[in-house]
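Listed next: structures, encoded as structure tokens.
In the two complexes that follow, chain A is the common piece, with chain B as its partner first and chain C second.
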Partner chain A sequence: MLARIPGRLLQIIPTLILIGVVVFVLLRLLPGDPASALLGNRATPESLARINAQMGFDKPIWVQFLLFLGRLAHGDLGVSVTERIPVTRVILQRLPVTLCLVGFAAVIALVLALPLAFVAALRQNRLPDLALRGLFQIGLSSPVFYIGLLLLGFLGARLHWFPVGGLGQGFWGAVYHLILPAFTLALSLAAVLMRNLRSAIIGVLRADYVDFARAKGITPWRVLTGHVLRNSLITTVALFGLNIGVLLGNSVITENVFAVPGIGGLLVDAIFGRDYPVVQGVTLVLAVLVSLVFLATDLMESWLDPRLHA
Partner chain B sequence: MRAPLLLLRGLQTTLATDNGALTVVDGVDLDVREGEILGLVGESGSGKSMTLRSILRLIRPPGRVSGEILWRGRDLVPLREPEMRAIRGREIGMIFQEPMTALNPVLSVGRQILENLRAHTDLGRTARRNRTVELLDLVGIPAAAQRVNDYPHQFSGGMRQRAMIAIALASNPSLLLADEPTTALDVTIQDQILKLLLRLRETLGMAVILVTHDLGVVAQSCDRVAVMYAGRVAEIGEVSAVFAAPRHAYTLGLLQSVPDARRIRQALRPIGGAPPPPGTVGDRCAFIPRCDFATAACEVRRPPLISIGGGRLAACVHGDRLQQAEWAA
Partner chain C sequence: MKSMLLRTALTLGALLTTSAAYAAPVTGGTLNFARNADSQLLDPVLNNANVDIWILTNLYSTLLLPSADGKSVIPGLATSWTPSADGKTLTLKLRPGVKFADGSPVTTDDIIWSLTRAVDPKNGIWNFLLASVASVKAEGDDTIVLSLKNPDPSLPAALATFNSAIMPHKLFEAAKGGTDAEKAQNFAEHPIGSGPFVLASWQRGSHMVLKRNPYYWKKDEAGQQLPYLDEVNLTVVPDDATRILQLKAGQIDATEFVPYERAHELQGDTNLTMDLFPSTQITYLQLNADPKLNDGTPNPLSNEKVRQALNYAISKKAVIQVVTHGLGTPMHSFMPSTTPLYADLGPAYSFDMKKAKALLTEAGFPNGFSLTAFAQAGKANDSSTLATLQQMWGQLGVKLSIQQMDLPTMDARQHKSDYQIRTAYWTNDIADPNEITSYFAYFPNIRNQFSGWQDARTDKLFLQSQVELDPAKRVAEYKELQQIYVAGAPMFFLYESPFAAATRKNVIGFRQSPLGNDMFEAAYIEK
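Let's look at the complex of A and B:
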């Protein structure tokens, strides 16, 4: 199982090149360019040409792409057009914040979904099940920013329980500041996971091996943890991996609502500023992250289900 | 006569379905003696498997079990779950029809045995491991020590059934409930598994209730046979006596429906019609619509299971007439 990791890591490379091409081309299809975005009303044909030449945007697009690839091979993502500092440094400043936010959200989602899925499955179609499903249906169907604004307005601005933005001081300050955004981010994922896990558990509870386990005279707790949990988690883990991508996407919105200085805010600013190198860099870093998460969930899945590494 | 190990009296099992309560076991009377193999036969839906599950009270709420389940003289029906768990697996083991689905696919076979030992014995870690290998060896799994850590999908069908038997035997039960253990296997493997059960009965002195719909299996391996129809026992007695001279019209029909393997292209003689859906029998013999012998006497009430001598019981009004009919056939 572990022997497959290097191969899987190599598979990420073609994915990255493909994503690189798509982002590279799409960006240049957008109306506007970095120089005019940077100069705004002050732009003259001469100043535009000077900046384009400085940044290398006057070269043919395929030359630009080869230069981009060449630098990428050395781990160089170029220099930010607006900030005039290396893109890698900008990303390294903001990435940890986003990682914390998304990681925190994933943990909250799991902590909510796991026990609640069991409660709902074991009380199928009774009050707890219906209440939880109704609640999560709301969580699932409301846009992230809407829930974010509600939480922010009520728990933050009205009750002053939580800060309304920023990152605070030190680790615990950051945790405190990230509770609301992480919770906002976690809700839809928790809803997806809970629904999936609930039906998986209901399916597994009907399985013969659960009856066989009960016929052994082991306690209901051991039947649940030893037999039901592991079998139901198999599909949920795959779903969790797929949704980490969604979570990263949603974090762009959440970071803006809660003014969290993460990579999401950086990406939005960079798109408006036509800061090609930053957009490319951020996209690639996100792609690497998502690929790594997929790899991790694949490994987790085959650890859970021995039939997969036959 | 050996003392009864298990005595069922008026066992009734009701399942909750979307269409309301459904009584699938409807007054089963049965006795199992120490060390014997009792065959439990009947069509699909006659309540054989449900009777087994009811004995261990594996019926999920809101389904419920009533009547008496006297295990060594102690009624299991009123027992609370923790008390029941001390019986399940430890005193009464159970194996299922389809070993592929009854073994947990994500746990190694060894772990599924260990789990049983942990729940029911005081053995330490190493002792448990040794016992696990010993059990796999006992049921005839070659290279048991290497196969302990294998998963069910790495076993063949017959080996899986052996592994399931090993799990059920982990804490030396006095009774094994076997729910069609050979149905999913091909004939040669079936034979091996039956021989294994017979051997285990000899060496461990364990009684077995063997549910099957294969009368050949009963003839080959059982001491006594109980024939079930529509949630109730129709006839019970020594296998040789019952097969030689059935005293219930349904048993006769079953025996006549077995094709003779040595004669080619013979007409099959199935029992016409289908068994009544649960809960539709009422106060008359459940077999009337399909019975060649039915008379007005069968309509009076549902015939009780009564002793007809020689340790046999039957629930048929026309037991005597069957004998003549069979000679005629």
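Let's look at the complex of A and C:
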């Protein structure tokens, strides 16, 4: 199983090149350009031309692309149009924050979804099940920014249990500040996982091998953890992996509402500033992350379900 | 009326707090201030954006400073400035003993180098403000002489503008990098100036800490050393609602860009002070007056009578009520009323549907026509302004369709004159009318906001006013120029509105200048 990792890692490279080309071309097809965005209504034709020339945006698109690839080969993502520092530096300052936020949210989602899915499945169609599903339905269907503002207003500004956004000082400060945004971000994923795992568990509970295990006299707890959990997790793991990408997408809004200085906010600012190098850089970094998560998901799935080795 | 009362109350409140300030300014402490966006490049000459401009005056001093009302200049690093009789030289006496934040003295070499860099046409987008300067020289240790290509009445104001900030030559040269741009970028990460504060740390996208400059040259009127605060912590909080929640929770002490619809609510909060600072902020609709649009269709807005008619058919009062909740005031000129040499010629088109109808008929459009306006996507104020206009213009048979797009798209299309009407905002950067006039009324620069509207007399008046030595004549030139502009109507005039900032009740003395600069110099936190 582990022997396949290098091959899978190599497969990521063509994916990244494809994403790089698509983003590069799409950005330049978007109306608007970096110089116009930078200067707004103080722009003169001369200043527009000068800035485009400084940044190399006056060159033909294929020349720009070759230059981009050449720099990329050396690990250089170019220089931000608005901040005028290397894109790698801009991203490295912001990436850890988003990774923590998304990681934290993923953990919260799992911690919420796993036990509750069992509760719901074992009390199928009874009050706990209906209540939990109802609650999560609300979590799933409410906009992130709305839940975020509600939590900020009530738990933050009103009760002072949590800070009202920001990142705080030091590691524990950051953890404390990230609880509410991570929880907000986790809600919809927790809802998806819970529903999926619940039906998987219900399915597995009806399987013959579970009856057989029970018949053998294995304790109900051992049946649940040893047989039911492992078999019902297979689809949930796949879903979890797929949804990490969604989580990264949703982090854009969460970061904005909670004033978390992560990569999502950076991407939005860069798109509105037509900061081509930053958008390209962030997209590539996100693509690498998502690819790695997919790889990890695949490995996890084949560990859970040896049949997938074939 | 309500807003008048409100403003009077606020002014009174401001006066009371100011007099209290002289009683007992508290020294020390940290002010936590939330901004809606982070700075980009803290270089006085090479920056492009308000997020930089509005912070720079805390880090750097200029030879002269804008007065509190933004209409004149007062001494800064220079204590006096004297133009020669022919107006071709300006002699400035320097304040003795001024130091940069690292303790090194501000020398004539620093001044000569800084101004020469700011004048260089290859550097940035602000050098036009100093275009008249031919050379900068020192006479002795305490005098700077600027030789000019032509007399320049706006030069004192230009020397009070952020791009003329005095930077430490040697420290700049010592910064890493081969070119001026590279050095600037590195120096701007840890800038050293002679302003009230110095940048202590900067985590991009998150926060920036300004520390008291212990060598700052300015004292308050009672002789107490400025600034009062030890630190200003500028955090970046993009969401309006979150900033307000933070302020209410006491997590921050002050914030800017309070949405107008929240102003009344915050006024009612006994823990907070709602500030409405007089600004140079105007909101208007830019129009394209070219005879044909980019797709070749004829453009009714090329007809002056049509532009006038549609201006008459805007109830600014209604727009002000809907969008600013009564906090705005109608525009009377293309320049904000806080601009020096602004001439109050009465309302630029007061609401008059009859006149509008008559003018439109005269222009040959008794049954109206169709127009397309660009609105910034996601900006509620843009949409509600245009929706209000849709109703008013609809009564003339003019069908206004609204097209939403993001700001860079709108900007790029305007820069190609590929638009008919767009929503737009402006704030002055200099305490002189020449900047806005060069962009809005003097055709050769950018075809008057890429509108294509041109008036030869205006162009002549502007050039004249740029070298006018007689202040009274300059006033007259600007008056005529504003009259012509309003009559020509190359924009749809809407409203001026204040900068809305809010602080905790115990924050005294924070101010935003009419140009938008956040001024922390005289701010303090009451115990």
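Assume the second predicted complex is superposed on the first by the 310 of 310 C-alpha atoms of A that agree within 3 Å, B and C clash if a C-alpha of one lies under 4 Å from a C-alpha of the other, contacts with A are read in each partner's own complex, and residues count from 1 in each chain.
Going forward, a contact is a pair of C-beta atoms (placed from the backbone, for glycine too) under 8 Å apart; a residue touches a chain by one contact, two chains touch by 3 or more.
On a predicted model such as this, the values are computed, not experimentally measured, just so you know.
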Assess the superposed three-chain arrangement around chain A: do chain B and chain C clash, or do they fit? fit
Which holds for A:256: it touches chain B only (first), chain C only (second), both, or neither? second
Which of the two partners, first being chain B and second being chain C, lies in contact with A:152: first, second, both, or neither? second
Chain A contact check, chain B vs chain C, more residues touched by chain C
Kindly classify A:305 by the partners it touches after superposition: chain B alone (first), chain C alone (second), both, or neither? first
Name the contact category of A:164: first (chain B only), second (chain C only), both, or neither. second
After superposition on the shared chain, which partner residues are touched by A:213: those of chain B (first), chain C (second), both, or neither? first
Could you give the angle made at the Cα centre of chain A by the lines to the Cα centres of chain B and chain C, to the nearest 10°? 160
Once both structures are superposed, the least CA distance from chain B to chain C in Å comes to 48
Of the residues on chain A, which ones does chain B touch that chain C also touches? none
Within their complex, state which residues of chain A touch chain B. 207-209, 211-220, 222, 226-227, 230-231, 234, 304-307, 310
Touching residues (chain side chain C, partner chain A) in the complex: 34, 37, 40-41, 48-49, 125, 181, 185, 189, 203-206, 235-239, 241-242, 245-246, 248-249, 251, 286, 405-415, 424, 426, 439, 445-446, 449
Contact footprint of chain A on chain B as seen in their complex: 53, 56, 58, 81, 84-90, 93-94, 96, 98, 101-108, 115-116, 119-120, 151, 153-154, 164, 167-168, 170
Given the complex, residues on chain A that touch chain C span 30-33, 36-45, 47-48, 54, 82-85, 90, 93-94, 145, 149, 152-153, 156-157, 160, 163-167, 256-259, 261, 265-266, 269, 272-274
